[in-house]
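Got a structure here, written out as structure tokens. Questions coming.
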Amino acid sequence: MKPETTAAGAPTSASGKGRIELQHVSKGYGEAWERQEVVSDVSLEIAPGKLTAVVGPSGCGKSTLVNLVAGFESPESGRILLNGRPVGGPSHERMVVFQETALMPWLTTYQNIVFGPRIRGDMPKKALHEEAVKLLDKVGLSEFKDKYPIQLSGGMQRRAELARAIINRPKLLIMDEPFRGLDAMTRELMQEFFLRLFEENRRTNLFVTSEIEEAIILADHLVILSNRPARVREVIDIDLPRPREFAMLGSREAYQYKRAALELLHEEAMKSFSEQQSVQAGLIEAISSRGS
Amino acid sequence: MAVAASGTGASGGGLRRLRWSALKRNAKLWRGAAAIALTLVLWECGSRASQQLGMQLPFIGLIPPPTAVLAAWAEVIPQFGYWESWYLSFKRVLAGFLSAMVVGIPFGLLLAVSRYCREIFFPPFEVLRPIPPLAWVPASLIFWPTNELSIAFVTFLGAFFTIVINVLGGARSIDIRLLRAAQSMGATKWDMFWRIVLPASLPSIFTGAAVGMGITWEVVLAAEMISGGGTQGGGGLGFFIWNSYMGGSLEQIVVGMFSIGIAGYLSSSAIRYLGDRCMPWRRLF
Amino acid sequence: MLNNGQGASLGVRAGRMPMFMARIYRRLSATGPYFTLLGLVLWVGTWWLLCEVFSVPRFEKMPGPVVVLSELFSPQPFLGVSVFTEEYYAHMWASCRRIFFAFCIATGVGVPLGLFMGWSRKFRDYTFPILEILRPIPILAWVPLAILMFKGFESPVIFLATLASLYVSTLNTLLGVDSIDESYFRAAGCLGSKPHHIFWHVVVPGALPFMFTGLQISIGVAWFSLVAAEMVSGDWGLGYLIVDAYMNNVTVPMVIGMITLGFVGWFTSVLVRIVGDRMMQWRTRALAMENR
Amino acid sequence: MAASVAVNQSTAPGAAAKGAVSIRNVTKVYDPEGVNVMAVDDCSMEIAAGEVCMVVGPSGCGKTTLLNAIAGFHSITAGEIHLDGELLCGPDKPLAEQGADRVVVFQNGALFPWKTLRDNVAYGPLVRGQLSKRDALDKAAQMLADVGLAEFAEKYPGEVSSGMARRAEIVRALINDPKVLLLDEPYRAMDELTKSIMHEALLEMYDRTRVTMFFITHDLEEAIFLGDRVVVMTTRPCRTKKIVDVNIPRPRDYHLLSSEAFRLLVEEASEAVHEEALKAFTAGERELA
């Protein structure tokens, strides 16, 4: 297997272009008595080479959806297909870039990046080294290859994590609120960086976020989830031209998308907010009455 | 249990880097020095009060003054017996401590990794844990053929429980995202253990080791005093103290106490140093 | 919105009874308790087989569980102590009383000391080095000095136990004050507090969690040194019971002493924890929310 | 370099004419072990009474230092700060006194976790001896009820969601009737959607009280949505770079976010903000390397 080149001239290399289908996927937790459904009958298709952004109020079950697609959990009903085949447990075909950062703190940036191929042993040493160096250069971390994650700034950590995922040549890249916790400005720079990276290779991407602007500027399709349990509330196709520029966010179309999304999301968020309050009230009552 | 490594390490490391000008302004250092000096002076005066004033102060009047202690110390330093007791105590501490590490770390990790092992082995472990290690001394004296072995066994027990609890806690609290990341990159069970679980629990292993080391010293000392107490014990610093007590040499008791203090401090610094070497990513805080 | 809220809290309220049932059901169906039982049986069984049935060399010198238990619960104990003899309780009482005094003194001195050290930089600069110099000296090394300094049997033993737990409670309280977030002090300051308000409303409650962790360790350490002290010098108490049995070459009371010590030690530490949980309602309740 | 701007922002009729903050040529130099770090350089700003002044700048640029100087947590090296014409800190008095006329709402929330929401809110009036215990608790309960937290008055902060805790914290500040409310990126850790709801709640509270607000953030949209005026700061050392007046009538709600006027304002300010962010970013990378 020849290592995939990330040269700009070959944006149509076959790997990284999986097609993911979710068919009536549901997932809940707890025994029958106190069962809570978290994901309810979600059907989605993530087209190859497209970036699908999933947006929903916090705590609506987005992370569960990520866990299901990544294979950390299995759905109770429904199927998840990758290129027509049902997915099993976690695999490097579906790499996850986690919320905050999940770099191994005891490995340097370089060691972190080569971790996956090295433990699988599916890449010749030399090719692996070359690719890692190339990737490090691409994410602008060449100088930092021997630093530990704790020595990197938030933005650098995210870039290192991206590189670590990409080197495994996944058919689907899953991003679970990858830029959460960064301050707004670093976040914007990271979004720009990620946009360039995506447009160069067009890997199939499932991008979960709670920020609408981020979703609009990055995505081809915008999936809006309802409040818990998560259902697909609406899918908006974003027809902004590629390559995208950040200035496009100021365009009229972008504002229309934003307005439409905001309407739906605000409604859902309000629902979740008021529900949170009352559920919490009930919960507290239950706990304190149990305690006394 | 994080008490052990709090203050000294930071100020010790910082000292080297400070320039002289900064040192002069370092109020903390001068205050500390002043406090220690004042304590020594008070101690000296208090102890000598009986000679000077003809009246003995309670408690402190019974303790020899620091100058007398220093004199006694100077006297024992050239003696072979004094250093031999250092050597013997260190040997015992090391034997008990190392065996506790060798058994405790794998055991703790096993409990963390396997649910069945945890459910089966943890309850008896929890039943035995509250028994103070020293309560085992007589039983172990009867059980083991030699004194040396029984001391080693009790020392082992003292450190063992602490290490296991720390390792177990550390390994159980690994961030699930790390495990998941490794999983999706295709890590086998074996990889997960060696490349994730082990390095991730290193910090707690070292915390456990530092605390365990403290307990080990206590236990060795007690065992030397209880078992060796003068008859067939093979020396050691505990014996040195007990012997001085029997011989009525108060100065030597205090010398022995400070010697053990230094020995304990040295061994915990050694662990801290080792921890820094083994965990370069933690050094950068 | 209002309706929604009521529905949810009603749901919880109505669900309480089944939840309770579900918990029992889960308890019974989980494998945990059975394995726990199996573990204990295995352990006692091994002990029994080694010491009593097969009398393996060296183990034969130790009393087996059957011998120990029959002695412990026999009205006419062959070797002097059982739950029916006064002597047993006298030993227990002697130890407990010493622990009580030692713990009270250590807490009464150590906690305020730690609080002041954490509160006032100067005070800490002056006292901390002295503590740091004394602390590495093992408690046991104080035994001869304690015997010489204090007259009688009782006070040296209490002194040693006090000293041991004093270090722990002081340092943990100090650590607790250090752990309080700077912003609480600032918040209190900008709400118009005087220093004594800050001490009582911020320093004391903020240090409680660490303090109680410290107290739990401290009572364990107190037992540790108490046993040692009783073994070296004493006329009464559980440590003495053990060493006395050893001197008289009887093993059964020794094991009884050990078991009792384990039980009483565990019980006192649970007691401290319960008091702590009571005093830190805010923490217990927040944790209950999280762990749900 | 001083960009002193006087603003005669028209505040709502009937607003209490208090809480005008004037920051004049303030400089702050940190001096840890002889290495001079200039956090704030000759910064001037006038905040009118009853105004919502939003300070935007990259993280670590020194805007928090400015807030700390007003609140009295840090001393200043040069310049002076006045509140309603009274000197807070100046050349002879580098550290302002802490007082309940300038209450801070902290980045990560600083409700005392060991007090119930009601006790938290009642804390200020109680320690100043302003109200009796009973009155303070009654007033606290009343104010909590006003923001929809009546049910939660007896809960501890750890038991309520972060959004509720943040609202209670603002109530804890407002009960003291402060001249100026200092907010230090209070919604930083929240996700976008929760944030937008929190914004509406804050605006509602503002419309009721018209308290002067000095609000630090690094989120430009948040700044424009909430503020009367947005001050963009340069990266370290902190100076005023650009001032944008937000002439959008109150009351505002989330529809504003997708309006044309909003878009134009964001466009106007974003270049300046982006430029500084890049500067801070590269500086940060350099520092790390």
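Lettered A, B, C and D in written order, each chain numbered from 1.
Please note the rule applied: contacts are C-beta pairs under 8 Å (C-beta built on N, C-alpha and C of every residue); 3 or more make two chains touch, one makes a residue touch a chain.
These figures come from a predicted structure and were not determined experimentally.
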**Each chain counted as touching chain B and chain D at once** = A, C
**Asked** Max contacts between which two chains?
**Response** B-C
**Message:** Counting only Cα atoms for the centres, state how far chain A is from chain B in Å.
**Reply:** 47
**Message:** I'd like to verify one number: the distance from the centre of chain B to the centre of chain C, where each centre is the average of its C-alpha atoms, in whole angstrom.
**Reply:** 20
**Message:** Which positions in chain C are in touch with at least two other chains?
**Reply:** 285, 289
**Asked** So which bits of chain A are touching at least two other chains?
**Response** 151, 270, 277, 281, 284
**Of all residues in chain D, the ones touching two or more other chains** = 155, 159
**Item:** Parts of chain C lying in touch with chain B, wherever the complex brings them together
**Value:** 31-32, 35-36, 38-40, 42-43, 58-59, 61-62, 122, 125-130, 132-134, 136-145, 147-150, 167-168, 171-172, 174-175, 214, 217, 220, 223-228, 231-232, 238-239, 242-243, 245-246, 251, 254-255, 257-259, 261-263, 265-266, 269
**Item:** chain B - residues contacting chain A, complex
**Value:** 175, 177-178, 180-188, 191, 195-196, 199-200, 202, 279-281, 284-285
**Asked** Considering the complex alone, what residue numbers of chain D touch chain C?
**Response** 71-73, 98-100, 102-104, 106-108, 110-116, 123-124, 127-128, 155-159, 172, 176
**Message:** Under the definition above, what is the set of chain D residues touching chain A in their complex?
**Reply:** 58-59, 148, 151-152, 155, 159-161, 163-164, 188-189, 191-194, 196-197, 217-220, 254, 257-258, 260, 263, 266-267, 273-274, 276-278, 280-281, 284-285, 288-289
**Item:** List of chain A residues in touch with chain D within their complex
**Value:** 57-58, 143-144, 151-153, 155-156, 177, 180-181, 183-186, 188-189, 210-212, 250, 255, 258-259, 262, 265-266, 269-270, 273, 276-277, 280-281, 284
